[in-house]
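Here's a structure for you.
Chain nomenclature is as follows: A, B and C, assigned in order of appearance, with residue numbering initiated at 1 for each chain independently.
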Amino acid sequence: MFKSKLKEALICFKAGRVTMPFPLGPELHPPEEGFRGKIEIDVEKCIGCGGCANVCPARLIEITDTETKRIMEYFLTRCTYCGRCAEVCPENAITMTKEYQLATTDSSDLYIKTELYMGTCGRCGRCFKPKTVLDKMMHPGFRTKAEKA
Amino acid sequence: MGKVIALAMCNVVLVILVAPFYEGVIRKLKALVHSRKGPPFVQPYLDLLKLLGKEDLQVTRNPLFSFAPILTFGSILMAALFTPMGTNPPLGFAGDLIVLIYFLTLASVGIMLGGSSTGSIYGAIGAGREMMLGMVVEIVIIGSLIVGVIHAHSFNLGAISAWYHHAGPYFSMIMAAVPFFLVLQVQLGKLPFDIPDADQEIMGGPFMESAGPKFALYKWSYFAKQILLTSLLMEVFIPWPKFGVIPLDIFINLIKVLAVMVLVGVIDAVCPRIRIDHAIRYFIGVWIVLIFAIAFALIGV
Amino acid sequence: MWLCEQITGNRKTYGMNLIGGVRRDITPDQKPKILEVVNQIEKEWLKLIDAIQGDTPLMMRLKGIGVLKHADAVDFCVTGPTARGSAVKIDSRVDHPYSAYDRLVPEKKVHDTGDNLARTLVRLEETLDSIRLVRQGVLELPEGPIMVDIPEEIPAGREGIRVVEAPRGESVHYVVTGEDNRPYRWKVRAPTYMNLEAVPAMIQGMELADVPIAIASFDPCFSCTERLEVVDRKSGKIKIYTEKELIELSQKKCK
């Protein structure tokens, strides 16, 4: 029995100290390429297709259409960091950064709001909103706030 | 007279103030075995301070519930006055070995009372385990100290220590030191024998309902027992070196206690907890060793 | 875990499976890293197994305690290492092979004493077996696409049921597809649901001190047995939330 205890103690001592000085010291294993951290949105590239809202499993992207604008709100407190929005975006407007230290007391740190101006009618110059349900379905990104289908 | 009071105060101060430091050493050692950094050495002091400032919940109307932690801590402080810690025990003229053991047993009784007075089933189970273990273990304490008594022909701890210091190592005393060391693991609430203490099995046992200051007193009495019982072990069974200068002797005693605490800590870190019936069988085996030690002492070896 | 982060992007929530394939491929420079980590794990694991063999206090708490007899194991339909520790030879990877398990065939490790030690030994040996499978998989990984072409619209109203081997036993997934490429119903039957039923047979007549060890020896996941019901305190009626209401509640909470 004593021999096995000695062996166990030796195994433990061999590992040394594995406590990392997080978050005050240098990181032992910084995240590499392909790490799925907080998302970042490049508004210039976004075309408002709504593909990210369609595919998000946590249902945290909400799209509202006003008279002239399409407003997309991202409530990142619910984010599971799965990365589907970044994969599905056709313009690569959503990218995943390497930020993972996201604990905060202010939930507005984890809230992104983008506003995009909608296309205007060629003849009269006013912005248009589709009328019938069939039109709505043809219009991409139909997950609006009003009807949570 | 003044010397007696000074020694008494010194003992009590050591027990209250220095004892949590040894617990910090044991925790650091446990963390070392677990490959982590561990809490700082002063962590038990901070724990006790925090616990003393918390709200004192009154769980039952039974006055025993409030009285039990005071009984435990008070009896440990009284026992400190009768323990040799490098020198003769301060109140050695007033009481001897039997009084010391009586006060140590009173501390166990305090834990049992506190556990069973709340009416919670876990407290009752914990108190029962404490009783079973106490019955088996007290005999070992008395037995191993009786070996010294037989040789020195006196129940006074100071006399036993002085005799052994002059007479050199005896085989029966060495044989009796080992059971006493095993008892140390039980009384200090360390694995593999921390059965009545905070268990994952019975959710804290007798200490489950005590909150805040009561829990602080229980914990403090366990810390104090560390320095008390280890000093007893060192003084009776390994009383070298001794110089006759009192502060130096006390300091040397503290160093010896540190060495024993390191050993206790290493055993604590690598052992799993043993079931109560296995522990009782184990200690009945230890009784047999003790009987041999007493037999050797009677022969005079 | 650092290796998993390099391969999948996260240490624990891998998120690699999609309908039709996986999201990422293993690049050639990751393969030697995988083999190195696996070799290291195997070395340390063997040392650990060797060290605990002679540990008497540990064996006292494991041998002969929490015995689940073979007849009880079959009656309660336990699965996974709990069953394999009681001489029931089942393993969904071998009995109903899926994904690549027809080429990477695991071995069924069975012990027949049915106590804590048997279950622990089953898990220890299965770890070594999994290391062998990982090595074989990395070396034999064929080239090719990582995703199959699936149609844009998955038809609604279709059912699918499949048995998968989780670390704790057999896990059953049942899906009914709905409209809009979303599932209408997805039910998971976790293995702990049945393993917990066998606990009374396991602990009958044992001491109180042995109960936590016996329960922990088959590694229950208590959150897999949770089912949610909302009871109105005043009227006593039971309400079950629909999908829309649950989504609304969670979104309201996070704003």
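By definition in this document, a residue touches a chain if its C-beta (ideal position, glycine included) is under 8 Å from a C-beta of that chain, and two chains touch if they have at least 3 such contacts.
Computed from a prediction, not measured in an experiment: that's the story for all the values here.
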**OP:** Could you see whether A-B or A-C has the larger number of C-beta contact pairs?
**Re:** A-C
**OP:** Going by C-alpha centroids, which chain is farthest from chain A? Tell me that one.
**Re:** B
**OP:** Please work out the Cα centroid separation of chain B and chain C, and write it as a whole number of Å.
**Re:** 46
Original post:
At what distance in angstrom does the C-alpha mean of chain B lie from that of chain A?
Top reply: 58
Subject >> Distance from chain C to chain A - Cα centre to Cα centre, in angstrom >> reply: 28
**OP:** Would you mind listing the residues of chain C that make contact with two or more other chains?
**Re:** 57
**OP:** Can you tell me which residues of chain B touch two or more of the remaining chains?
**Re:** 271
**OP:** Pull out every residue in chain A that's touching 2 or more other chains.
**Re:** 5, 8
Original post:
Any idea which chain A residues touch chain C in the complex?
Top reply: 1, 3-5, 7-8, 11, 29, 31-32, 34-36, 59-60, 62, 75, 77-78, 80-83, 87, 96, 107, 148-149
**OP:** Report the residues of chain B in contact with chain C in the complex, numbered from low to high.
**Re:** 125, 192, 195, 199-202, 271-278
Original post:
Which residues of chain A touch chain B in the complex?
Top reply: 5, 8-9, 12-13, 15-19
Original post:
Which residues of chain B touch chain A in their complex?
Top reply: 32-37, 266, 270-271
Subject >> Residues of chain C that touch chain A when the two form their complex >> reply: 2, 5-6, 9-10, 13, 15, 23-24, 44, 47-48, 50-57, 180, 244, 247-248, 250-251, 254-255
